[in-house]
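Here come two complexes built around chain A, the first alongside chain B, the second alongside chain C.
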Partner chain A sequence: MLSGWFIILASFGYIGLLFAIAYYGDKRADAGRGIINNPYIYSLSIAVYATSWTFYGSVGRAAADGLIFITIYLGPTLMFVAWWFLLQKILRISKANGITSIADFIASRYGKSTAIGGLVTLIAVVGITPYISLQLKALSTSLTVLLEYPEIVMPKADSGMPVVSFTAFIVAMAMAVFAILFGTRHLDPSEHHEGVVAAVAFESIVKLIAFVSVGLFVTFGLYDGFGDLFMKAAAKPELKKLFTISPSSNYAQWVTLTILSMAAILCLPRQFHITIVENVGTDHLGKAVWMFPLYLLLINIFVLPIAVGGLLQFPAGNVDPDTFVLTLPMSTKNEGLALLAFIGGLSAATGMAIISAIALSTMICNEVLMPALLRMVWLRLNERGDLTSLVLNLRRFSCIFVMLLSYGYFVFIGESYTLVTIGLLSFAAAAQFAPAIIGGIFWKGATAQGAFAGLGLGFVVWIYTLLLPSFALSGWLQQSFIESGPFGIELLKPYEFLGLTGMDNISHSLFWSMVVNIGSYIWVSVNTEQSAIERIQAAIFVDAEKYSGTAGRSNLWQGAAAVDDLRDLLYRFVGPYRTEQAFKDHARIRGLDLDDLMAVDAEFVGVAERLLAGAIGSASARVLVASVVKGDIVSLDEVLQILDETSEVIEYSHRLEQKSSELEIASDNLRKANEQLQELDRLKDDFLSTISHELRTPLTSIRSFGEILFDKPEIDLAQRKQFLSVIISESERLTRLINQILDLAKMEAGSMDWEMSEVDAGEAIEEALVAMSSLMADKSIALDLKLPDNLPHVFADRDRLIQVVVNLLSNAVKFCSGPEPVVKIAVEADGDTLLVRVVDNGPGVPDGVEEMIFEKFQQVGNTLTSKPRGTGLGLPISRQIVEHFGGKIWFEKAAEGADFRFTLPFTRGFQIAE
Partner chain B sequence: MNHSVLIVEDEPNIVLSVKFLMEGAGFDVRVASDGNSALKEVNQSPPNIILLDVMLPDRDGYSVCEAIKANADWQDIRILMLTAKGRDLDREKGLALGADDYITKPFSTRELVERVVEVSKELAVT
Partner chain C sequence: MAKKITERYGALIILAALLFNPPIMSIFNSTRLIFGVPMLFLYLFVAWALVIGLNAYLAKKLSAEQLLAKEREAGSDTDA
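Our next item is the complex of A and B:
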């Protein structure tokens, strides 16, 4: 026996189960292991599209008009199968920009405009309220019908009112509570309510099972399969026309309804919410494009059989076809199935109402209440502490408000309409968003003013041609408003506007609202300018692919903000945990040290704005962020530079410029390198020419005397000896020269074999003196030697050290002059180096060439031809050697004569020993 | 009368050999070891022939050659550049400045003598 209390218990039991699922879903999501992260649950959740309107109303529609009910499912199927790219683009844009609702999406596209956000919210609330009230109506009707079991009694519009109303009120509040509990649990920047989504997906399974069960029961229980059912129906002409397409079918209506439902699947706030906002993986759409249409197909297979079955079972017409799903099982006393059907209807209604309430409350709060409150400066909202609870409470009240409004519509208007008509009223309202959305993601030129005009005027037309007549039909306006137009003006008749007849009410309204909506949207957009932020947003939305990696990251903010200001702001709306998490993540990506960060740049501000936008909507977020950011939104010119087509050209030419300047630099470098090479080449030529000259000179003497001696054997002995000695000395000179050239080349190339060891420098100097002693004696040059005993050792190549001393001594000997030529050698310890001085009393070195003399083949002061010629390599070689030992050699300016000095570092070991 | 030869050369051993060769060929030989003393010698008594080294300690042989050729009184002096600078460029420069011949060191003594004798014969004709 299906008693009243059992039905109520079962209903609450079922709702309890939904609570449990939602609770579990939230818990899992909190733990980071969400259960809804798969395409199947995503597709099932989209099936929230199938509401109690589908569950009860499709059968009602089919019973009245036949196959046309299918258009409501044809549209979404077309959208998912053929126009999925549209959904994908919207999804991508929304994910990149933290979109929280359809109002946020449209407002965001048109420059984060609060006006548009508010208008969209208004349209949504006014438009969707009848739809929610439809759920209340379906639910309370089905409950009332079921409570009469085993009788089949239709609730009477006049007498049954209080009971029905009370049931509806309880249902409305229960749904509000559900929406509040799971939809406003905490402020989530991503606006994900995984528990609710899980519950909705579960409901989709339940309603499908329930509906299919009833269908199977009717087709195979009451009748003997489809063949039997339709054979029996075909026998009755008034039933036959339901499932045959006759020439009298209204094709225009088929097209209108298909288009309308296509728009609806995109534009209904709850569909946008569940498909776009609640989506946790953009790739889930791939499976949903066939799974969701499949679901629609399954739930529609039995619509016609149930309708036909119902009409056959209740030929008297005393049973509302909207209740066939419930009354058919009841009529055969199939209690279990009747209860299942009721639960299925309950699922369809609650799923829709809850998601709609969440979507609408988010919009009301983010797009209307928060911007309004933020504008009320006297509230000092900016200075208040934690605002998350304020935002959440606003949403909770919004939920209750939406449900109360729906309840009100149900009580005052709903009774006079069938389910389908109410649903289509909402569809037509939601369709007003389509031009702004589709235009917004494909047409960069669409302006906020254009969108506002289109939305606003389309909405006005919708009110005039659908909403006001619905008031009139319910008796809240004069019936004459419909019949003869306002003030009796025929042309303004709401169902035959400007004399347009021959269309059903919905097609008529859609036609006029779309003409006005699209017309004004395009006309105003073309004739108005976009603001800077509109341009940016337009580019981000239209070129979503281009900006997918950087969407919203384009630096809309100029200037910087103090990190603490931003932190304070975010703490209040999204809480410390999420704020710090987001800051840390961003800092890590950018490689910033958060602890050292005082002021943050535009990119950082952008991150904060998006986080905030997720919680309270982009329009409110912008107002708030603007209050802490010093500086303004980027100027128009800069925006042009960043985003516009023109800017791409600028960018391109800039890059070209850069490339050409890079080329210039490169060619400049090449030119310099070439010059250096030429200089080196010239130096090499000079060097070779000099070497050649230096080699030719002794060779000239050798060859000349060789030939002279060969040609003139008669030369006397003394002269012969003289000539031969020239040949010998010039040969020695040549040998010395070649050796020195080789030495120098080796040293310069770094391939010299040095035999480094600890050397007693004093001993080495003495050895050099011995080598030079005979020459000095020949020239009667006096030696003044200061060589202290026990000098620390130096680290050097002994032979090369001797070579340096010999070179300096031979220079000194060569240039010594005066009646008393003297060469002075002084050795002393100077700190940690050994200083050796070789001084002569010759003409010295002319000013300005002190450095030159250490270069190759630079001989100076070589005026006295009697002096032995040097090779011009002695000093350069000495410098190479001394520098290799870690010392230095230089010429010290002296009053008379030349004073050459060099230093050698002592070896460390001996230094310590000292 | 013997033609006079001025040897301008800073390498004493080369001077020694060239002087021996020129005297052997019957010329009156004078020697200058740098550019300025060479011009001084010419000024005192212009020689018929100058054997001019290019690399001199004070001023190079080119400028000495130029200075002599610039003086109208010294147009008859024959100048033979005698240098270790063997590049074509150096040779052309010397000839362009009015040198009558250009001999590269190390030279063949016979060739040197022949050339100087040849020049002196031209002098004898004119």
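Our next item is the complex of A and C:
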């Protein structure tokens, strides 16, 4: 059944199926019902990472070195774990700026530089071509092996069967046709190729099923499960060592390969294309970050079992481990499975080749050919009509060019290398992009010259330490180039550059190329200046979050363009339909009337540039737009100002809600503060009017009595004495009032001199009583004193304490009334404070003014009409003093009379019990 | 919210980098068979599955929080 023609037929049948799927996918997309708009298809399409290198090469690597093959898949897993920091940002930047390829991304970051875009394209083409030819090699090897069925014969390096070589050529061309048909169907500003993505996702399913089927067959068909297989392998020492990693050399290699594959999943042009450019929904990434690693895990489970099983089945060593996936089913005459394995390998190879061809052709066209053609003024490209077909034809030509180049590499060089070595060669080339990308999105200061130097020199080192030796190994160069260095200079040996030994070729090359790449990238960046557009692009890339939604919307153009010029330009590259659609959309958003529009402003031009950049890359778009815009690009300061303003506006609107609630609280506080201020203002006015009144009353009486005495010398002595006593008492009152005002002012200002010490409160109260005793005796007021002995001391200013008691007592004496006026003083210890009560049997204090009486100049009764009975400052001063001592003074409501109380804390350490 | 997410991812990256590299890996670098499977082989796949699982868990949490934030945003819009 498994005859040659059947295999060929099945292969082309399968490729035909791919065409059908892609055709269906495109048709659905045209109808607006795309089938790839879900995270599962997206994740499967990213699995284009698993090429024939995975399918055949991993087993070969595992059969030689054990588990180290797994690093190639752990690296992407790590990178997808780190997606939050890298992939997400790259994706966001790319979507906002209409990035079409990895070269476009890097060129765009460094000021839309055509030089950098061209260099990246060159590195990609030189670096990736071997990788594509690797797919052709895997394809031809597997086909050769399968065609020998039922014999198992390894293809000999020199006797390439013409039919196989021819088949490889046909397949290469079929892939080119596929890429042309579905990758360059039309110029899509978003650069989406839904049909291709659908086909690649389908291929990912096929290769997974095929590989796992072979794995299950080996593990459970040829052996009795994992235990049996590994047990038998463990019996052989040369197989047992595959279960481990030899620590001496392979740990370093392990780390190198992990880092290399981390860079690869980010920097390989086809991975960038499928993960970033073909992404149709940014939220799909959130699911792909675990589904894609899961795919890698599944496809790797059976690598070691197949390798070990193959080595057990073919102990003679005459079967290349790279073919175990195919030869194991063949050896047991399992025809269906062998064919499935072959189709799986075909899937892995074609998927990679197609996406690579599309990615590379886009780069070649957008970054090299278009800018070059646009610069050739004599071509008068700007004046030609529809250029869409020109761009598409350039891409078609590029596709064929890439596939032919790969086929050439395959024919002339590929035979001498194992699959893994070629793959790693390409990985190391792609890794050269990593510093420029990662530096570009986190480091604003990186300059175009720095990126150019890093990329260029890293690439040169890569050529010298990996590519040239691979030519030497294939016989294109003298073998002595590797063994003794060029011209016999030992220090320049490509695998032991500058005498660095003890590393495998890949680690060695990666080390030197990265030292040179990163070193010159940083060194040159630090020592060069950015141009205006570089600084703008750096800000847009690094602060992608800040400018999200505004990126690219920033008006980098000054002046205006005639709408017809712009329209003509876009018609030629993206066609009338998309142009009109974009114009209409933008006009609607801006509220412009497209029909009346003659000239458009900078923002409109920005929209047009982005649309154009999506089709032909940012570097070319810039050149073209510049040709129709009148006026220069705006100055750097202006642009940065615009950017900052825009971002400020966004930030402001983000915070607006928060601020409005803050404002509400603040205005509430303000209102309260205002009320307090008004109250204080009122109090101040009151205070001033009261104080002038208080001062004037004694002054008035002093003056009037003085005038009487002056005017009437005839007044008798007794009356004269009486008048003089009034003058004296009023003067005393005035003095007292002024002293109290001064005291109060000092206390309130905190500049009072306090003489604080331990005071025996009982003694102080007795002294106050002595001072008041004559007054009380005059008014025949009885005293009821309750003063316990041995009260603990309080910490206070003795004189001030006496002043408080005297104030309270004089109030009590003043207001005492009734037939039996009595003043009661009660002192008691209340917990750790001393409580003093001064009670009289007067009229008491009216309701509602209990607090007021402690305010300045507040007296019960109307001070304006009745003669004041005190200064109105006694209680406020008492309150200031008591509070300074750490106590409280207040008025307690009583059945009759007034009950003033104050507390003083005992000195620390003294307790009532002592 | 985003800050917390960033910290979680930072922690997961450190964990993954630790698990997949020597010296932790070298603990399991032995020819012994566990459940009939080479120890390092088993370890790598279990650790790999663990990292993928944690990544899926974080991604799910993230999308739930984003959804919530979106709804909250929408809710506050209608309030305003």
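Descriptive notes on the structure:
Please note the rule applied: the second predicted complex is superposed on the first by the 628 of 914 C-alpha atoms of A that agree within 3 Å, B and C clash if a C-alpha of one lies under 4 Å from a C-alpha of the other, contacts with A are read in each partner's own complex, and residues count from 1 in each chain.
The rule is short, and it goes like this: contacts are C-beta pairs under 8 Å (C-beta built on N, C-alpha and C of every residue); 3 or more make two chains touch, one makes a residue touch a chain.
Small disclaimer: the values here were computed from a predicted structure and weren't measured.
In the superposition on chain A, contact is made by A:H693 with chain B only, not with chain C. By the touch criterion defined above, A:Y251 lies against chain C but remains apart from chain B after alignment on the C-alpha atoms of chain A.
Touch criterion met: A:I708 reaches chain B, while chain C stays clear of it. By the document's definition of touching, of the two partners only chain C reaches A:I301; chain B does not. Contacts of A:T275 after superposition: neither chain B nor chain C is touched.
Counted by residues of chain A touched, the larger count belongs to C, out of chain B and chain C. Contact residues of chain C toward chain A in the complex are 5-6, 9, 12-13, 16-17, 20-22, 25-26, 29-31, 33, 35-41, 44-45, 48-49, 51-53, 55-56, 59, 62-63, 76, 80. On the chain A side of its complex with chain C, the touching residues are 67, 70, 74, 77-78, 80-82, 84-85, 225-228, 230-231, 234, 240-241, 243-245, 247, 251, 254-255, 258, 283, 286-287, 289-290, 293-294, 297, 301, 304, 657.
Chain B contributes residues 10-18, 20-21, 24, 33-34, 55, 57-58, 84-87, 104-110 to its touches with chain A in the complex. On the side of chain A, the complex with chain B involves touching residues 689, 692-693, 696-705, 707-708, 711-712, 722-723, 726, 729-730, 862-863, 865-866, 869.
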